[in-house]
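Next up: the structures, one after another.
Consider the two complexes below, in which chain A is the common component and chain B and chain C are the respective partners.
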Partner chain A sequence: MKQYILGRVIRSVLSVMAVVSIVILMVYLMIPQSKVFKNDSILIKLAGKPDEIAVYKNTKLEDLGYLDFVQQQDLCRLSEDYDRCMEAGSAASQELKAEYEKKGYVFEEFTNGLLYATRSYLPHELVLNFFANFIQIDSPNQVIDDDNPDLERKIYIEKDYNGVPAIQCSGCNYQYLVYFDSSFPFIHQNWITLNFGISYPTYSGLDTWDVISSGQGELDTREVVYETGQTGTTAMNLHACQYKPSATIDHLDQNKFNSNYANCANNYKSPSMINMSYIIGGLGLLLAYLISIPAGIYMARKKDQWPDKLGTVYINFMIAVPSLAFIFFARQIGYALGLPDKFPQYGFTDLRSYVMPVIVLALLSTASLMIWTRRYMVDQSNSDYVKFAKAKGLSQKEIFNRHILRNAIIPIVQGIPSSIILCISGSVITESVFSIPGMGKMLPDAIKANNISMVITLTFIFTALSVFALLIGDLLITKIDPRIKLSSKGGSR
Partner chain B sequence: MEKKVLLSAKEVEVQFQVRSRVLTAIRRVSLDLLEDETIAIVGESGSGKSVFTKTFTGMLDTNGKVTHGEILFEGEDLLKIKNDQGWEKIRGKKIATVFQDPMTSLNPVKTIGSQISEVIIKHQGKSKEEAKKMAVELMERVGIANAAERYDEYPFMYSGGMRQRIVIAIALACRPKILICDEPTTALDVTIQAQIVQLIKDLSQEYGFTTVYITHDLGVVANVADKVAVMYAGQIVEYGTVEEIFYDPRHPYTWGLLSSLPQLGIKGEDLYAIPGTPPSLFDVIQGDAFAPRNPYAMKIDFEEEPPMFQISETHFAKTWLLDPRAPKVEPPKAIRNLHERILQMIRPEGGYYGGE
Partner chain C sequence: MEEKKKMDPRFQFVTLHQEESEHIAAPQYSYWKSVFRRFFSSKPAILMLIISGLIVVLSILQPMISGYDPLNVPTINDFSTHFLRPSAAHWFGTDNIGRELFDAVWLGTRNSLLISFAAAMITTVLGVIVGAFWGYSRKMDTVMLEVYNIVANIPFVLIVMVLVYVLGSGIPQLIFALSCTSWLGTAYFIRVQVMIIRDREYNLASRCLGTPTSKIILHNVLPYLISVIVTMISRDVPSFISYEVFLSYLGVGVGQTDQTLGKMIQEYSQYMQSAGYLFWIPVAISALISVSLYIVGQTMADASDPKTHMQ
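Up next, the complex of A and B:
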C-alpha cells in the first residue's frame, strides 16, 4: 500500500512535469515573440527611441525567460581595462564579441555604436530553467546586501509580535519562515515558495502565484503594535515581510521595524481569486450532491413511476438547455426575487451575493449527477444479491439503504475529490455572468493576453490538482470497497 | 404415518405481461407440501419450476401476476398478501430461498457476518451481540472453520462452496418451515455439489423443515427427495414418491426425461433426446401440451386436456394413457429395471456421487 502510494506520487509528479514541459515548449516556441508586446503601452511612449526600445524589449524578454541579453558594459566587465573596452568598436570588445558569437549570441549595435547581444534559449534550456528555479527554499544566505555587512545569518525560534512562537530567520528573504495565526489553515510558511515567474502584460510585474492567491479589493486595515512598540493602523501582514536592502530603508521603516524586514505584503478585504472560486464552487458542489444523490436514489426506487419520469424530464431539460441560457434565465429569476444580478453589487461579505451563483452552479451539475446515481442504483437493483436480500425478508427500504446504496455509491465517491479540488479552476461562464472575481476567467484571459507565465502557472496548478485528486479518489474507494486493494504488483491482495 | 400438510397450492395460474402479450407460465397447478419431507420439482428449462415456487414468497417479477388459485400456508392465503410489508413476515422467516449462484447471492461490500446477523436482527428482534453469537454458531454448523474470525470477512475472501454454505446459513437463520432450493448446486463443481446437497439434507433432518428442490439433476432427486413433481409446460404432469417416479413412471414425458439421463444411459448406445421443443406458452394449449412430442400420442391428446389420474395413494399422472379405454403401452426399454443403475448413483450410506 505505502509502496503503491509512493509509486503513484512519483508517477503523478512526473506526469505533471511532462504536461508543464509541453506547455512551456508550446508557449515559448509557438507564440511569436512579436505578440508578447502587442498591447504594451510603454513601447508607444518609447516610439522614436530605437535604442531604448531594444533595451526594453530585450530586458523584458530576458525577464520572461525567452533569452539571455548582454550589453557591451556586461561584456567589458570581463575585460582587464573596462574604460577602453567600452569605446565603440574597441579591440577588446571585438575579441569578446568573437568569443560570444561562438556561444551562439547574435550581436547588434546601438545607434552610438555600442554592442548588445541576445541568445535565445534552446528548447531544453527553457524547460530546465523553469524547473531549476521552480522550488525556492529560503536560507540565511539568501540576502545579498553589501550595505549591511553585519547582518546575522541564522534560523531561530522566537515569539512574534503577537507573542506566539514562530520560526524566524535572519538573512533569509522572509523574516517568518513558519508562523501561526488565527486565519485558516492557522499554520503558515514562507520557507518553501514556488516560483512560477512574473506576470506580463496583465498584472505586470507581479508574481503570477501572488496574482491568484493574494486577496483582492480594498485594503484590510487594523490596529497593530510594531516591533519597535509603535502603534499604528496598517493593512500590512507583518508575518509576510521580506528583506528590504539597506539602501532603500527609510525613516518610517526604522520607526516600525527593528530589522531590515520591512517589505510587507498587504491584507485585503476580499478573498483571493482561488478562494473566491473555492467558496462559490464548493458551496455549489455541496448543494449539487445534496440534491442529486437523494433525487437519483428516489428515482431508482420509483423506477418507471411518476417521480422517475418527472426526474427524467428535469434531466432532459437541464441537458438540452444551453448552460448560458440557463444561467441568464436563473439570474433574471433571482433578480426578480430581489437578489443581486452581479456579485460585486453587495460584495463578498453579503450572503445575498452568493445565493444565485451557488444555486446556478449546483443546478448545472445536478443533471449528470442524478442520471449517474440513478443508473448505478438501477444497475445494482438487478443484482442477484438484491434478489437474495428480498428473499431474506428485508424491506425495500432496507435493501436500498443497506445493500444497494453501499455498492452504487462506490463510483460516485471516487469522483468526489476531483469535483472538490477542481472547484478551484472556477466556472468560466457562471463567474463571468455574475462578475465574480474568481479563477474562471484567468486561463482564457491569460491566453488572450499572451501572458505566458500565467498560462504555465495555471496549467501547473490544474494538472497537479487533477492528478492528485484522482489519487485521492482511488485511495477513498479502498475505504468503501473491501475488494479493492492498492498494490504495486498486480494479482496479490 | 400421516404427515400434516404445511402448504397447499390450489389451481395456481401465473401470467406474465410480455410486450403487450400474455404468457401463461403456470397453468392451474396444485401441490401439497407435507411437513418434514423433501420434494423435488424437475423439468426442463422454461417449464415453470422456479416461477411456481416464487409464488410462495411473492417474488415474481413485476410483470408477473397470479391470476387464479390460492396458496394456503398456516391458515392464510398467501395470494391475499398485497404488499411487501406482508411478505416480509413470510420471506426469510417462514419460507426461505437459496438461489443458484452463490458467487453473486451475497453483497460484495458487506461482511459475511453482517449479512447473516441482519436477518436475525430483523426477524427475531435480537440485539447485535446476540445476533452475532447466533450467526457464528450457524457458520460453524454449516461447516465454516474459524467462524468467529471469518465473521468479519467479505464474500470475495470465500470460495464458491463456502459462499453457498453461508447462503444456506442465512436462509436457515430464522428456522424457516420451508426451504426452497432453486438449483442450489448448478454453479458448483461436482465434489462441492455433493457436500452442499448432503449439508442441506442433514440440516433438514436436524431443524425439521420441508425442502423444495428445483433441479435438472435427477441424481440429486434420487438421492435426497421423498416426493417428485415432474413439470412440463407450466403443469405438473406426474407426481409421486421418488420410488414411484423412478421405478414406475407413467407419463411419457417422465419416460423421456429418464431415458435422457446420461447416468442411466447404456454404454455404446446413443443417448436419448426428447424430439421437438416445448410449446409456446403465449398460445392457448389445446389438449395435452406434450402431445406433439409424444410418440405414444393418441387422437384425444390433441383435442382434450387429460385429467390427473390417480395410480396409487401417492402417485398421480396427467396422461390419457392411464384411461381405461387407452391401449396398453409399455415404457421404453431403457428405463425398465432402473433399480440397479439408480442404486449405483446413490452411495449405501446415503451420500451422493454427483451428476455428470
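Up next, the complex of A and C:
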C-alpha cells in the first residue's frame, strides 16, 4: 500500500510537471511576443524614444522569462578597461560582441551607438528555468547587501512582537521563517515559497502567487507595538517582513524596526481570491450535497414513480440548458426578490451577497450528483443482500438507509475531496457573472490581459489540485470500504 | 417403409418447395425500421425534432437570404433605428447600432451549431476509432491509460481556455480546442465497453477462426455500441453549445468579427436591464437548441438500443 501511494504521488507530480511544461511551451512559443505589450500604457508614454522603448521592452521580456537581455555596460564589466570599453564601437566591445554572437545573442545598436543584445531562450531552457526557480528555500545566505557587511547570518528561536516563540532568521529574505498567529491555520511559514514569476500587465510587478493569495480591498489597520517599542496604527503584517537593503532604509523604518526587515506585506479587510472562491464554492458544495443526495435516494426509492420522473425531468433540464443561461435566469429571479445581482454591490461583509452565487453553484452541480446517487442506489438494490434483507422482513426504509446507502455512498465519497478542492476553480462562470473577486474569474481575465505568468500559475494550481484530489479520494474510499485495495488494480483507476 | 406410408390414410404427401424452405420462420425485423418506429412513438421527441429541425433549417437558410454581416452597419448614425422593440416590422427588434436582431440571431445560431456539431463529430469519430482499438490492444492500453490519466485530471475548462488563448480566437481554433482532449474521454468510455464485449464467447470463436481485429471491431463489437455512441453525441452537442456560449461570454471564445450566440449574449448583457430582449432572445434560443437536441438525442439513443425493440 505504501509503495502504491508513493508510486501514485510520483506519477501525480510527473503528470503535473508534464502539463505545466506543455503549457509553458505553448504559451511562450505560440503566442507572439508583440501581444505581450498590447495593453501597456507605459509604451505610449515612451513613444518617440526608441532607446527607452527597447530597454523597457527587453527588460520586461527578461522579467517574464522570454529572453536574456544584455547591454553594453553588462558586457564591459567583463572587460579589463571598463571606461574604454564603454565607448561606442570600441575594440573591446567588438571582441565581446563576437564572443556573445557565438553564444546565439543577436546584437542591435542604440541611437547613441552603444550595443545591446538579446537571446531568446530555447524551448528546453524555458521549461528548466521555470522549474529551477520554482521552489525557493530561504537560507541565511540569501541576502546580498554590500552596505551591510555586519549582517549576522543565523537561524534562531525567539519570541516575536506578540510574545509567541517563532523561528526567526537573520540574513534570510524573511525575518520570520515559522510563526504562530490567530488566523487560520494558526501556524505559518515563509521558509519554503513557490516562485511562479511576476504578474504582468495586470497587477504589474507583483508575484502571481501573492496576487491570488493576499487579501483584497481596503487595508486592515490595527494598533501594533513595533520592535523598538514605538506604537502606531498600521496595516502591516509584521510577520511577513522581508529584508530591505540598507540603501533604501529611511529613518521611519529605523524608528520602527531594529533590523533591516522593514519591507512588510499589508493586511487587508477582504479575503484573498483563493479564500473568496473557497467560501462561496464550499458553501455551494455543501448545499449541493445536502440537496442532491437525499433527492437521489428518494428518486431511487420511488423508482419509476412520479418523484423519479420529476427528478429525471429536472436532471435533463439542468444538463440541457446552457449553464450561462441558467445562471442569468437565476440571477434575474434573485434580483426580483431583492438580492444583489453583483457581488460588490454589498461587499463581502453582507450575507445577501452570498445567497444567489451559492444557490446557483449548488444547483449547477446537483444534476450529476443526483444521477450518480440514484444510479448507485438502483444498482445496489438489485443485489442479493438486499433480497436477503427483504426476506428477513426489514422495512423498505431500513433496507435503504442501513444497507443500500452504506454501499452506494462509497463512490460518492470518492468524489468529495475533488469537489472540495476544485471548488476553487469550478466556479469560473458563476464568479464572472456575479463579479465575485475570486480565483475562477482570474483565468479568463488573465487570458484577456495576456498575463502569461498568471496563466501558467493558475494552470499549475488547478492541475496540481485536481491530481492530488483524485489521490485523496482514492485513499478515502479504502478507509471507508476495507474491501477495496488499490494496489491490486495495478495503478489504473 | 414405402408400404407402411401408403398404408396409413391419415397422412398425405406435400410437394416440396425449394424456395419456401429457405425462409426462416421468424417475424420480419429490420433494425433501422424498428429504431424509427420506436423513436416516432414518443410525442415529445417528435415535437422537439420539429423544433430543432426548424432551427437548423432557419439558421442555414436565413443568413443566406438576409446576407447579414455584423460589420456592415449602415444605420450606425441613424438613431431612429436603434433599440427598436420587437414588432411586426422588426421581429426581434434592433440593437444599439440598428442591426436587425432577427438576422443576427440566425447567423449566430448557425455558427454556434457549426462549432458544436463539428466538435461533437470530431470527438465521436476519433474517440470511437481510438477507443475501439484501445479496448482491443493491451500494448496500446498501457500507453493510453497514462495519457488519459494525465489529461482527465485537468479541468476541461482550463484546457480549452489555454488552447484558445494560445491558438488565438476564431471558429476553427475553438472547434480544435473543444475537441482536442474531449475525444480522450469518449475513447476511454468506448474502451471500457469494448473490453466488456471483447472476451465474450462469440468473439473468441471469431478470433479462433482467424478474423482480423479490424473486422471483429467493425462487425462484432461496434454494432453493440450504437446506442452508447448516440447517447454520447446527444450529451456532447448541447454541452459544446454550452461551452461555446460560456467561453464567448468570457471573451475567450470566437474573435471580434465572428457572430455566435455566446458572443451576442456577451455583447448584449450590458443591456439586460434597459433593453432586455436583446439579451434574453439569444439566451432563449441557445436554451431551446440545447434542450431540443438533447431530448431528440436521448430518445434516439433509447430507440437505437435493440433491447428496447421487442417490447
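The rule is simple: the second predicted complex is superposed on the first by the 486 of 493 C-alpha atoms of A that agree within 3 Å, B and C clash if a C-alpha of one lies under 4 Å from a C-alpha of the other, contacts with A are read in each partner's own complex, and residues count from 1 in each chain.
Rule of thumb we're sticking to: contacts are C-beta pairs under 8 Å (C-beta built on N, C-alpha and C of every residue); 3 or more make two chains touch, one makes a residue touch a chain.
The shown structure was predicted, so the numbers you read here are calculated from the model rather than taken from an experiment.
J.: For A:F460, select first, second, both or neither according to whether it touches chain B, chain C, the two together, or no partner.
T.: After superposing on A, A:F460 lies clear of both chain B and chain C.
J.: Please work out whether A:V27 is in contact with chain B alone, chain C alone, both, or neither, and reply first, second, both or neither.
T.: second
J.: So, does A:Y100 touch the first partner chain B, the second partner chain C, both, or neither?
T.: Neither partner.
J.: Report the partner of chain A that touches more of its residues: chain B or chain C.
T.: C
J.: So, A:F317: does it touch chain B (first), chain C (second), both, or neither?
T.: second
J.: Would you sort A:F434 into first (chain B), second (chain C), both or neither based on which partner it touches?
T.: Neither partner.
J.: Output check: A:F69 vs chain B and chain C. Expected answer is one of first, second, both, neither. What do you get?
T.: Once the two structures are laid over each other on A, A:F69 reaches no partner at all.
J.: Counting only touches as set out at the top, which of chain B and chain C does A:L443 meet: first, second, both, neither?
T.: After superposition on chain A, A:L443 lies in contact with chain C alone.
J.: Hey, which residues of chain C end up touching chain A in the complex?
T.: That would be residues 145, 149-150, 153-155, 157-158, 161-167, 235, 238-239, 241-242, 245-246, 249-252, 262, 265, 269, 272, 279, 283-284, 286-287, 290-291, 293-295, 298 of chain C.
J.: Hey, which residues of chain A end up touching chain B in the complex?
T.: By the definition above, chain A touches chain B via 383-385, 387-396, 398, 402-403, 406-407, 410, 480-483.
J.: Over in the complex, which chain B residues touch chain A? Could you list them?
T.: By the definition above, chain B touches chain A via 57, 59, 84-85, 87-93, 96-97, 99, 101, 104-110, 118-119, 122-123, 154, 156, 167, 170-171, 174.
J.: How about chain A: which of its residues touch chain C in the complex?
T.: Touching chain C: residues 11, 15, 18-19, 23, 26-27, 30-31, 316-317, 319-325, 328-329, 332, 422, 425-426, 428-429, 432, 443-444, 447-448, 455, 458-459, 462-463, 466-467, 470, 492-493 of chain A.
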